[in-house]
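Since the structure comes first, as structure tokens, the remarks are kept for the end.
In this document, chain identifiers A, B and C correspond to the written order of the chains, with residue numbering beginning at 1 in each.
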Amino acid sequence: MRSFGSQRFTSYLFLAPYGLSFLVFIVAPILVALSLAFTQLDLTSRVPSHLVGLDNFSEALHDPYFGQAAVATLRFTILIVPSLIVLAFGLAIGLQAMSFGRNAVRGLIFLPGMFNVVVASLIWRWFYDGEFGLFNFLLKKVGLPHAPWLSDKSWAMPSIVAMSLWWGLGGATIILFAALQQVPTHLYEAAMLDGATSRGLFANITLPQVRPVLLFVVVTSTIGGFQLFGQSFILTSGGPERSTTGLVMLIYDTAFHKYRLGYASAISWLLFAMIAAFVLLQFFGLRRSVD
Amino acid sequence: MLAGLKAISNGAASSAKLHLNFWNGWTGPDGVAMLDVIREFNRENPDIEVSMQRMDWDTYYNKLMVSAMSHRGPEVFVIHASSLPRMVRAGFVADVSDLYGSKFGINKSDFEPKVLAPVQYGSKTVGLPLDVHPQGLYCDVDLFKKAGLTNPDGTIRPPRTGEEFIRDIKATQEIAANGDHDVWGFCWTMWRFNFMSLAPQFNGRYFDQNGNPDLANPGNVAALSFMGDLMNRQKLIPTPESSTGWTGFRQKKVAMVLEGVYMVGDLKTLDDFHPAAASVPQIGPNPGTLADSHCLCLRADLTGKEREAAERFVAFLSQHSIAWAKAGQVPARISIRSSPEFEALPIQYAFSKEVPFVSFPPKTPLLFEMTQEIDLAVEKVLRGRATAKEALDVANQNFTQVVLRDRQENAR
Amino acid sequence: MALVALVFLAPVILMLLTSFKTSGEVLNPSTIIPHPWSLAGYAKVLKYSEESPMGLWLLNSLLVSTSVTFLVLLFSSMSAFAIARLRVKGAGKIITLIVVSMMIPGQLFLIPVYLILNWLRWLDTPLALIVPATAGGFGVFMLTQFMKSIPPSLEEAAVIDGCGLWRIYWEICLPLVAPAMATLGIFTFIGSWNDFLGPLVYMDSVRSYTLPVGIALYQSSYVSEYSLTLAASALGTAPLIVVFIILQKQIVASMATSGLKD
């Protein structure tokens, strides 16, 4: 499988269609966006756009709202990624252990993910509502006091995480389940003949086999976590007191309400740097059988 | 489906007509009312075809800006008076001074000066106000009657002063045996709007005479302190959750709310809920409330026949603004407000009485940044985490930074 | 596990039931079962008007989403094959570049892509929604990782038999990752279906909208008309559920024939 000699050219042909699309719709816009970060481009300004060097980046690093949004973004990501992975893996294993009804259960777990983020968030906003929401209504019925789901700073982000888990677990579970299904059963059979325990099977066969896909799920959910926007936009409008305003919401406000495209671009690149740092750590952590 | 195909083929056949695109953010029943007016215009003007596109205001403004920048924008569009400064600075809004005058019979004297002020930029006039939408007081008739707050003729008596307001809150609220409120007298709706409705009553303002930010002036502090006091000390208002006020009001769990006249559209969807409307109670030394306005605008690069057709369309909308009023708005034109048809719309008519003393948001291109700071300040006070003075001082400091940066950038 | 499934299902059932409530009752938590039942929300949504062509939107969504899914499955699997199985030179760098591109916030692309589409004259055509969607790295990354888990023995046999690259890809590699392909297909379809910002910004006329965007027209700016929104969302999501059920059967069928479980 190492060298195909004269077929090397054909090998590259396999990459061609995607490569073209990638160049035109990813690379080109990135280059534009990169240059934007070094300009002052304000759509509603009297002054034409001009290069400002690192001014946008320095403004961001001195902007308290940037710092606050960065913290909120990190908080969300750190809360959701581990819980998503652990729960999804657990659900996938649970699915594998089921002997009947498996398809139905898998479908039900995935069902919430089919709704777009706006609809899903609207429903949970009603659940979480302080005065007229379903959860507090149920709490009152069993004699407990109202909970400040979205109105208290220490409750708001966890509430958003809970809703995001309900919405996103299906996707991660399905992928991990597919990976589990792909593990060749003869590996398990051979090990069991050797007298392996179920924990041993898990650690020595399952984990290594699904490691590439696990890495994929960790990386993609991290990237997704950093890009928190829809849920907090609908559930809390970024509150209380901007505590659930993530960097993407900041970028959205800057680009689409203040029309400061250059500054928004700089914030986006700083966000990118944060994501890259995190993902690099994850790659080194889970590296082994990836390449 | 069939009608859809028919519409496509009609579209192809009518390419001989002059086609105008009209964009706005009226996604609710008010948009449906506007559709009827457009249909009538298309019927009466067979050489023009207007088609409307609507989406939520946030996305609408983005799309308007993006398309205008690449010259694909609509010919006619709506801009809130409060958003005009930013859009005008972007440069795609036309001077429509010749919409006024004998050409279409629309005279500037038919508008109050403060209603025209947002569309005047020096010698240029950049839009035609279609309506004025103030914030006012909605009252639940049944809860008022239950509390005995009625006139001899059976109609309810809404509060007109600060004392009456507090008294009525206490009269209409219903507290159960365990201390829970079954009914609240009053509840916030959109905090910022509530604040900006009260601030003018205390002579509050946002910029001083030199154009510098003045968010922490005594008037604003007084208004915000009143709100905080009502909430945290007197405990007459439930814990703040934005926009729940209206929900509670619909469910008859809240007796009074401050909201805009445009909520009439939502009320129409409820079968037997007919609240009364009144001016915002005068809690400060003066009467006052917040208002905004929908202004009809044209694209700056329109010429010749297109421009003429667009002008005809806008004038038509203005002349037919009674239909718009029925959808839940207060027409901008004095003559139309004085018509018996308008006076027959109870809620709209009650709101129109406020027009003499409404305050528009300040005419600044940085309104979004300003309102973000105000939102934060109001939230802090309502949650009891800062006094009004402290919160507004911080807001003013932050906003001043924004203003200075903007001035520096635009001075080049 | 069945209890777990209930946790996921319950809010959806609530949503469905609430969509049948009358406008006044919608936000009242004490009544879960609608009383009375009202089809008002659905009626409003389905009532055809020139301005809200539900049928057209549905067709647009189907056209766009199926095209995107097909193209993404094809392009991604070909690329993953080259990277993971053929081990082309520079494969490591390529996959790194792709993953890096996924880390860049999507907002950054909106306006540059708009300008490019404008220059290509693709705005307000289905191409604007289909082609840019094929550039995403999710599919390539996912299939690459799945293909890395396959033992190379089967392909080596084919090479010895003298098979060309395309045959190896089509007849051996693809069936081995069929479950992953079906999963990617579902994800891509749903992502494309629910894409909101794209159609809104790249399409000018109401007729070109996709279903979710059209449905958003029913959200009044001032107040959430919940029953209307929920009815519209239920109708807008139903096709997705149908597609999922169909593809689910494929996953089960293909796993049985994938030749891995023996």
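By our rule, contacts are C-beta pairs under 8 Å (C-beta built on N, C-alpha and C of every residue); 3 or more make two chains touch, one makes a residue touch a chain.
It should be emphasised that the depicted structure is a prediction, and the values quoted were computed from it without experimental measurement.
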- [ ] Could you tell me which pair, B-C or A-C, is linked by more C-beta pairs in contact?
- [x] A-C
Open item on the list: By mean C-alpha position, what chain is farthest away from chain C?
Closed with: B
Task: Where chain A and chain B are represented by their mean Cα positions, the distance between them in whole Å - done: 37
Open item on the list: Using mean CA coordinates as chain centres, what's the gap between chain A and chain C in Å?
Closed with: 16
Task: Between chain B and chain C, centroid-to-centroid distance (C-alpha), Å - done: 38
TODO: Spell out, as numbers or ranges, the residues of chain C touching 2 or more other chains.
DONE: 27-28, 111, 115, 216
Task: Contacts with two or more other chains, residues of chain B listed in rising order - done: 62, 247, 251
TODO: Could you list which residues of chain A touch at least two other chains?
DONE: 129, 132
Task: chain B residues within the chain A interface of the complex - done: 58, 62, 65, 69, 86-87, 89-90, 238-242, 244, 247-248, 251, 253, 365, 368-369, 372, 376, 379-380, 383, 385, 409-410, 412
TODO: In the complex, go through chain A and note every residue touching chain B.
DONE: 40, 42-47, 50, 129-132, 148, 150-151, 237, 239-242, 253, 256-259
TODO: Would you pull the chain B residues touching chain C in the complex into a rising list?
DONE: 1, 3-4, 7-8, 25-29, 35, 51-57, 59, 62-63, 66-67, 70, 72, 243, 246-247, 250-251, 260, 262-263, 265-266, 269-271, 273
- [ ] Provide the residue numbers of chain C that touch chain B in the complex, in ascending order.
- [x] 22-24, 27-28, 48-51, 53, 55-56, 111, 114-115, 118, 123, 200-201, 204-207, 216-223, 225
TODO: Can you check the complex and tell me which residues of chain C touch chain A?
DONE: 1-2, 4-9, 11-12, 14-15, 27-30, 74-76, 78-79, 81-83, 85-89, 92, 94, 98-109, 111-113, 115-116, 131-132, 134-135, 137-138, 140-142, 145-146, 148-152, 155-156, 159, 164-166, 169, 179-180, 183, 186-187, 190, 194, 196, 212, 216, 224, 226, 229-230, 233, 237, 240-241, 244-245, 248, 251-252, 255, 260-262
